[in-house]
Amino acid sequence: MKAARLFAYDKPLRLVDAETPRLKNPADVIVRVTGAGVCHTDLHIVEGVWKEKVQVTLPYTLGHENAGIVEEVGPAATSVKRGEKVILHPVITDGLCRACRIGEDMHCENLVFPGITADGGFAQFIRSSERSLVKLNSRTTSGSNVVVQGVGGLGHIALQLLRCMTNAYITASDIAESKLRLAEKMGAHRVIDARRDPVKQVMEFTKNQGAEVVIDLVGNDQTLANGMRMLRKGGSLIIVGYGGTANLKAIDMIFSEFSVLGSLVGNWDELRELIELTRQGKVRVLTQKGKLDEVNDMLDQLKKGTLEGRGVVIP
Amino acid sequence: MKAARLFAYDKPLRLVDAETPRLKNPADVIVRVTGAGVCHTDLHIVEGVWKEKVQVTLPYTLGHENAGIVEEVGPAATSVKRGEKVILHPVITDGLCRACRIGEDMHCENLVFPGITADGGFAQFIRSSERSLVKLNSRTTSGSNVVVQGVGGLGHIALQLLRCMTNAYITASDIAESKLRLAEKMGAHRVIDARRDPVKQVMEFTKNQGAEVVIDLVGNDQTLANGMRMLRKGGSLIIVGYGGTANLKAIDMIFSEFSVLGSLVGNWDELRELIELTRQGKVRVLTQKGKLDEVNDMLDQLKKGTLEGRGVVIP
Amino acid sequence: MKAARLFAYDKPLRLVDAETPRLKNPADVIVRVTGAGVCHTDLHIVEGVWKEKVQVTLPYTLGHENAGIVEEVGPAATSVKRGEKVILHPVITDGLCRACRIGEDMHCENLVFPGITADGGFAQFIRSSERSLVKLNSRTTSGSNVVVQGVGGLGHIALQLLRCMTNAYITASDIAESKLRLAEKMGAHRVIDARRDPVKQVMEFTKNQGAEVVIDLVGNDQTLANGMRMLRKGGSLIIVGYGGTANLKAIDMIFSEFSVLGSLVGNWDELRELIELTRQGKVRVLTQKGKLDEVNDMLDQLKKGTLEGRGVVIP
Amino acid sequence: MKAARLFAYDKPLRLVDAETPRLKNPADVIVRVTGAGVCHTDLHIVEGVWKEKVQVTLPYTLGHENAGIVEEVGPAATSVKRGEKVILHPVITDGLCRACRIGEDMHCENLVFPGITADGGFAQFIRSSERSLVKLNSRTTSGSNVVVQGVGGLGHIALQLLRCMTNAYITASDIAESKLRLAEKMGAHRVIDARRDPVKQVMEFTKNQGAEVVIDLVGNDQTLANGMRMLRKGGSLIIVGYGGTANLKAIDMIFSEFSVLGSLVGNWDELRELIELTRQGKVRVLTQKGKLDEVNDMLDQLKKGTLEGRGVVIP
């Protein structure tokens, strides 16, 4: 195959015929390179800056930011198939050392760095490993689903905070049509009518995984029970609204390692931040104003669920 | 003054003439209420739900989400003045217990909760405390300034990540006019020409505070030195680009409790997240493509600084 | 009063008569110095190293590691009294800026540093501020109480892990006398008989504060209910044992900002760490061994609560 | 082989002849069971509590806390060998899903739980997977090496804090024999004479890995340079002492993802905690006392390095 290789420091790369890489370890994957980034590190390698940092013998192929199509798959690699489009994480890691175990792959004790310590992607093919691949065709939903139950005075603010503070996929749930319309305006990616089995709806669009986080701004028996059943393994139910009781079977709590957290007001610094976000226009508080002697009317409206946004008394 | 007070559970509030609150403790502040939120908690209080949680004697004034104008200031309160617009954090805290010390004001050992355990804001005036106030007229810059040095292949991505992952005020610094224009397109709130004393510029718009975070994607002697000098107390310099040397005087490091952190590639899961953000349209990678035999040309362009975005070789 | 002051850089301090400090701000406290640490920073100050870092006019009194007895208390200071023994945190902070609010007092925007930027403790008296004092006579229980419910196969290991991984005050609760004895051997600071109102016992010795963490290794209805009622504001119930159901009133969860967390097994790296601690002798697993054909007997014993430590089948 | 299997809920296990497990996936490992814990979960399984949580067909073999000797190793498993003693992490995980990538193996999307969802360890042999094994013969040094440079007034306290707050392997380095003796008394696991190439010494006993954390309480050019060179990949140098300058090559910082952090005093709550630990007898501050008029002598001694522990002036 064609490859752009470094034969001598401080010299241009040479485009040569090189041996096509072959599978070596059981979980290896050969990728047909469709794009390889050109980076200052390539310049530094040519300049010899990396000579003392890593041991590598010239000539070799540069290119450490690679993408391509899976060409060949080792016998122990089960998560990718020939023909799939992949982006290659820059390093090959063992997945077994402590660093890999705790998510610090870059500190892997057996790190191989194609393009720096081994042949890289300025070539038609590159050898990588199953663990290094990110598949382009699989939309990741992990770490991304938040359900907000109740789009009232707090809920419509919560939606906006989630929008400007996270990249989560945000679902709002309410029993009133007008609140669902409000949720859409306030940035919810999806709204669900809580009168029609909201748990089932969440499970459907999350492919039976559930949501990482459910924020319950209603807090009655029903929403608390639903909230628990919407959670993904390791998920958290955050209780803000109250009035009801959550019945948590210990076996469910431990089996899925759920968390249930109560939240009252937030700290001073969080209020400061909220005000700052409002000033930046990222959060907009919808208010319905009344005079002091209208406070009982407003409380009635709140009870009936006909108040939109936050009721505010102006004394 | 007029106040809407609870005289009996399960009854409407009564609008009555109540005594105007007076300063009690040295750091107390009396606030003229200009708005008080109406919340489900008010309903719950009326229903008697809170009776068993807190000790309070009827009648008292509800209203725990308050904003207003400072009317009177206690002798020990130095940070607010009569006439200033303020939002009241819902609780009054002592600032001295361990909870307050570590930022968990809500767990203050001497918590007072106006509107729940004391007279609240459904009234013309309310007593609060200096510590509880957030002033509306002081734009907070704390926790919000990030400077990105170098708007190249990585820098233009970094800017977009900062935009969608933080609410920071983002400044981009570069020596090329075209890179500054690119930075603006990619979401920088401010660009600074690094040829004209960038440290001074940062210090000016941060009012001599400096930036919480500087990300150095260039990494030469000059940018490293500048990066350190741009930092705020407790700030962090994140080194991504390299080639130069940072000379850190230990006294500077300890006096301001700076952090200097090297970053190589990022973990697999961070790459996955970046791809996901690209798919969501929140990050756009600007590329300049070439064939494998053009790689040396691209490396030359990169060296000269004439490549815009990321160069990509298509083998 | 006598004070050791710096009159000129690179010269010895001079012991002179200096004006006794007086209260200036409402929360100031004058402390009679009973001990002042001598530190390399004092040498550096004398050498002039700090000249360019801070603005201070000679002469002034050095000494920034101070302890003493409260002599005089400003009108706004409520938490200390004349005659109390105190250690002075080295800096005077405002308690109002964002840094102080989030627990980063060292980055206070209005920091005063006695002994460096103001008169210090190489003197008979020093001016400090209420916020800077730590009282010696108040045993802090904050952040330190953990209750372990159930001293069986996991419980006796949990106690040892708490001993070697935290400085918490560890209480073990069980219904069997033999298990309480085992708990004492395994490092519990206190044991309580769970048959005699364990909640009341915990509340008594924590002075009605409750425990920061309760680990429930039993997980029946009773222990779950007790666990919740033992928690301090902001506390966490960690469920490991199961079989029962926890009924959480939402109002209790939000009022005290409790957390309830399920834990199943722990990660690979945690197992590795446990093995390492066992190797170091910090954790000792008590086992009762049997043959494969004795497994049903062992299960019976476990059910009856007569198995001590962990039963292990040797196939 | 012999196995204790569950044939019917609420019935005792039956000891039967079962088929010996065989390798199925490339990274599978067959382990000869030498010990299997008997746990309340086994009782719960027999009671049928788990029926609704997981799908499993009777009969099957219980036992989910297993240890043994490697019997047979799959072709893709490279990190274990026949004959090695291992403890089995309870679950088999894929190492490829997001949960595994970030260290949350328990939330693996393809979790297999021998003894609960598959045949367990109440048998002579069990099938596990390379990823699940912890080898008993490999002392893990990961996450455990801290080097303290300088055993003076702060250093001798730092050593004790490390002892009671971590399980790290603590090395103290100093140029004075008396300080090394003090370090040993204060809990250092190892002392090294800093006059004899301390970097080489650290590299030797860490098998060329380096230390996770170096705390530099001296802060001169030499200790700062040494500290950097002692660090492991991902390691942190914490600067407390000062006077010198650290020259950090950016390439070193990024290649190993080092952190360099300055620390000045610590927060109020940390001081409170230190005092509490002193009260508990876990930290003992060695002091050398003098009168106010002896302060210059003490400063001289400090300069010469002849002061042991902390010098304290008693005014």
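Before moving on, here are some points about what is shown:
In order of appearance the chains are A, B, C and D, and numbering begins at 1 in each one.
In the analysis below, contacts are C-beta pairs under 8 Å (C-beta built on N, C-alpha and C of every residue); 3 or more make two chains touch, one makes a residue touch a chain.
Treat the numbers as computed from the prediction; the structure is a model and nothing was measured.
Comparing the residue numbers each copy contributes, chain B and chain D share more than half of them at their mutual interface. Greatest centre-to-centre distance from chain D is found for B, with centres as Cα means. Superposition of chain A on chain D using C-alpha atoms only gives a rotation of 180 degrees, nearest 5. One simple way to say how far apart two chains are is to compare their mean CA positions; for chain A and chain D this gives 28 Å.
The geometric centre of chain B is 34 Å away from that of chain D, both derived from CA atoms.
Work out the mean CA point of chain A and of chain B, and you get 22 Å between them.
In chain A, the residues touching two or more other chains are 44, 49, 98, 101-106, 131, 140, 143, 241-243, 251-252, 255, 257, 264, 267-269, 272. Under the stated contact rule, the graph of chain-to-chain touches is complete, every pair of chains being in contact.
Across the complex, chain C is touched by residues 2-4, 12-13, 15, 33-40, 42-44, 46, 49, 63, 65, 87, 89-91, 93, 103-106, 121-124, 131-132, 134, 136, 139-140, 143-144, 152-153, 164-165, 167, 241-243, 264-269, 271-273, 275-277, 279-280, 282, 289-290, 292-293, 295-296, 298-299, 302-303, 307, 310-315 of chain D. The part of chain C that touches chain B in the complex is made up of residues 25-27, 44, 49-50, 53, 75-76, 79, 94-99, 101-107, 130-131, 140, 142-143, 233-234, 251-252, 255, 257. Against chain D, in their complex, chain B makes its touches with residues 98, 101-102, 216, 219, 224, 239-264, 267-269, 272.
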